[in-house]
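Okay, got some structures for you below.
Two complexes, one shared chain (chain A), two partners (chain B, chain C).
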Partner chain A sequence: MIVLKEIEKALGKKIVLKNLSFHIAFGEKVGIIGLNGAGKTTLMNVISGILKPDKGFIRVNGVESPMEHHHALRNIAYISGTRPQLWKDLKIKDSYEHCQKMYQIDKETAKCRLNALDEIFEVKPFLTAVPNSLSLGERMRCELVYGLLAEPEILMLDEALIGLDVSIKHKIMGYFEQCRMEKKSTMLFTSHNLLEVEKLCDRVILLDKGEIIFDGSIKRMMKEFAPLYRIEVKFEGNLPDFEDLPLEKFYYEHGVLEVVFDKQKIETTQLIKHIMEKCTVKDVKIKEPDLEDTIKKIYNGRKRS
Partner chain B sequence: MRTYLEFAIKKFQNKMTYRFDFFMEIVNTIITIVVYLCIYKALYGGTKDIDGITYQMVATNFVISMGLSNAFKFNEMFLQDKIHDGTITNEFLKPVNFTFRMLWENIGEGAFKIVFNFIPALIFTIFYTSFCPPKSIINFLVMLVSISLGYLILWLISFIVQTWSFWLFSVWGIITIKNVFVNILSGSLLPIWFMPDLLRKIISFTPFESIYFTPVRIYLGELSGRDILSGMAIQILWIAVLAIVANVFWKKGVKKLVVQGG
Partner chain C sequence: MSEIRTAIQSLKMSFRTRMQYRVDALVAALAVFVRESTNIIVIYLALMKFQNMNGWNVSEMLFLYSILFLTYAFVVSLFADLRDFPRMIREGRFDRLMVRPRGLLFQLILSNADVIASVGHGTLGILLFVYSAGKVGIEWNLTTILYYICAIIGGILIQGGMFIFFSSLSFHFVETNSLREIFYWNMRKFAGYPISIYSKLIQGLMIYVVPFAFVNYFPAQYLLRKEDMANYNEVYMYIAPLVGVGIYSLAYVFWRISIKRYKSTGN
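Up next, the complex of A and B:
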């Protein structure tokens, strides 16, 4: 359970977070997205307690600053792609052993968890290596296992999936999706890869210059802000007449008709039916707007206003 | 407590994997001790004692204080590195006290170096020259306690200087100067017996005397009975004072980090 109320934070003279308020319930998976410098990492730092807000009210699992309470820290893992937690001069397995001691996990449980995590992250070959001898992706996998060993209630991932291979990333995403289904832990996730966010999170908080500009489910965001849909139709015969259908635009080039429309005004099926009635269609391609397009639109909208 | 002890043990084991490192350090310790012993042998030139201080006593002082000062070396840029690469904040999010973890890891390293650096060097120098035996078994055991207290003083002084890296870009220069002060004023380069009276008086008001010189004097029997107790009381007093100072700097530094974001 995370509660933020009217949080403000300035670093130097720059105000990084402005008047942020939101709740995150237990088990929610929240993606924090925004452009560079939007305040994502600062927000994560404030929640973890590494940074103290200048103003406002914050509680994480009922504690104001987890940093000062070891029992609270045992339930939080903050995995960052830019700040390694593994000690440079320790072998990975020694770091894991420290983790087991610090989080007071008994030896057998830790072993079981490590075996289970190894199936996904494949870290066993690196156990006797030191972090610096590993590649970025390999190290990141070790970092993730380190954070997950303690099975924290609150899992914070700040750009934690960088440098991973496609195949292993797929497995890891699968693992997190499974976590999402099980609702065992609260997850906060920042990433530049919106595909990841879309897959892993129920809810997104969109930040722009330290302010929340959207907070809600991805579905709602798409419905409210999704830009226009496009259909590409290859057909034979004459250009169909659209009569009074509420389309935005259409282009015709090299035998391909491209129709741009707003889904709130006309359904896709209705439109296709109309075209099929008028001419022989050879091929149809529907382009749905994705999260990226939607977010782009939201930002552009803000810039204009 | 168990957890922190584990850190020390892990560090000890970890050091074992870098054997070549410690082999070179033994050579280093032996050479420095032998060079200094040669100089003092020449200075004594056959005289039995100077102001009641015999060559054997000086040799004993050197082996203990210089040998230990080599064994008690640890990475003093540790905190600065952690602050510079930002990983210090991760340490705050671990459910252990970071300062204690640092201390215990350094203790583990010190223990390793005593076993694999100090003791081999000691055995070598025993063949090279003669020392004073400890006054009694009890004196020897009390000295061991006193050395541990001396280590804490040494560590706290280093830690205080390390915490300045919250404000300064580099504390390397300050650490170097600090080490010169520690080496000279603790008597590991020039025995405190031979220092001018005024300087000796001044040193007696600093924590430096308590680092190696108090244990050495307990070992030799220069301090006995009540003096041993008062000597160790002064050590404990310095630990308390330095711990308070260290805590103030540490708290201020952490606060700066938490408010300004490093």
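Up next, the complex of A and C:
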């Protein structure tokens, strides 16, 4: 469980985090998104205890500063794509052995966990390799296993899925979901890849210049900031008239009708039913607003105001 | 128990890292040995001509130097990451230690141990000790042996404490290498000679500010009782091993205070 209240943090003269408050419960999967320099990594660093906030109140699993409470740190894995934990000159298995001692994991237990993790991350072939001889994705898989060996309750991933193949990413996402279901693990992600965030997280915290501009489910964000849906209809016959429907816009070009509507005013099904009554429909495509566009829109909106 | 196991693991890891290129490691150890030996040769040649320096003959001077080498052989393995701390911060390698469930100093100590330099300094220290210890008229009995061991430990703690102190400064200032250069490395060079040959200012610095005098000069005086000890308070000889504990504790407190100011490097 993570609680932040009115957190403020300046690095040098620049205020990086402004008045942040939120609450993350056990088993939540939260994505922290924002443009470069929005304060994502600083926020992660504050939560993990690497940085001390200048003002405000923070509790991670009930502990104020995890860095000073080793039992608390044992339950947090902070895996970063840019700050490797693995020894760069040593074999992967040496790093794992170090992790086992550092986190006081029983030798047999560590072996079992490694076997289990290998099913998902497929790191066994790399155990005798040195990180520098591996590709980015392979190294990242080894990093993830290093962090997961201690079976943390809180998992923090800072750009930690970079360089991974789609198939393995899919497996990893499944694994995270399983962790959440079985162990109630709490997960925090930062990523530039919004598709990834959309797949992984139930909740997003959108940061802009150190402030939270949105905190809630992706669904709610879409509804609030991007209520406009589009449908494309190919049809035969005459153009139906929409005069009695609360539509935003419609275009007709090359036999394709494009309708833009606000989901809060009219349901998709209702609209389609209306069209099908009036003409013979050959094909329908429904376009949901995508996350990336929505976020772009939110940021643009803020720049103007 | 688990602390010891982790420490041994750290040492193993450092050893493996350093031994990745065996030939290179051997050459490096030899290079350290040769580099440090030149200092000894200079002393040796100078004393061929002058017979003694403020009453210290060649064997006594070498005995004085041997303590410096022996303590440093431990320091360079125990505190290697603190010796190179500003670089560690710059490269962002410090963050990863902060998220691990162990004390930071505990993780820094022994991690990245410079075993190669240890071998170089240690070999030289042992050679000098073997050469000089029998010739300087020390009666080796239980008291002197115990004192000697305590003094070596004290000397390690003093230098380790200084590294911790200078490393803590990195949390307050961006660039601390020149301070380290002036106050650690230069003072260490001075410590190769009896401090009584220096001006009052340097003597003061070496006793009260950068207390290298307690690493080798006062311990050597306890065992050798040279005349120039008359310039200083006799108590200094007896408290020399304790100074290490004091300096180390002070440095530790300063470290704890300073760490709160840590600003990670940006991504």
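The rule is short, and it goes like this: the second predicted complex is superposed on the first by the 303 of 305 C-alpha atoms of A that agree within 3 Å, B and C clash if a C-alpha of one lies under 4 Å from a C-alpha of the other, contacts with A are read in each partner's own complex, and residues count from 1 in each chain.
Basically, a residue touches a chain if its C-beta (ideal position, glycine included) is under 8 Å from a C-beta of that chain, and two chains touch if they have at least 3 such contacts.
Keep in mind it's a predicted model, so treat the numbers as computed, not measured.
With chain A as the common reference, the superposed partners chain B and chain C clash.
Applying the stated contact rule after C-alpha superposition, one finds that A:Leu271 touches neither chain B nor chain C.
Of the two partner chains placed by the overlay, neither chain B nor chain C lies in contact with A:Leu164.
When the shared chain is aligned, no partner comes close enough to touch A:Ile172: not chain B, not chain C. In the superposition on chain A, A:Val60 makes contact with neither chain B nor chain C. Shared-chain residue A:Val197: touches no atom of chain B or chain C. Of the two partner chains placed around the shared chain by superposition, neither chain B nor chain C is touched by A:Leu207.
Residues 11-12, 42, 45, 48-52, 67, 70-71, 73-74, 76, 78, 80, 82-85, 89-90, 94, 97-98, 101-103 of chain A contact both chain B in one complex and chain C in the other. Here chain A touches chain B in the complex through residues 11-12, 42, 45, 48-52, 66-67, 70-71, 73-74, 76, 78, 80, 82-85, 89-91, 94, 97-98, 101-103, going by the rule given at the top.
Taken in their complex, chain A has these residues touching chain C: 11-12, 41-42, 45, 48-52, 67, 70-74, 76-78, 80, 82-85, 87, 89-90, 94, 97-98, 101-104, 158-159.
Residue ranges of chain C in contact with chain A, taken from their complex: 2, 5-6, 9-10, 13, 16-17, 20, 92, 95-96, 98-103, 260, 262-264, 266-267.
Within the complex formed with chain A, the residues of chain B that make contact are 2-3, 6-7, 10, 14, 85-87, 89-90, 92-96, 257-261.
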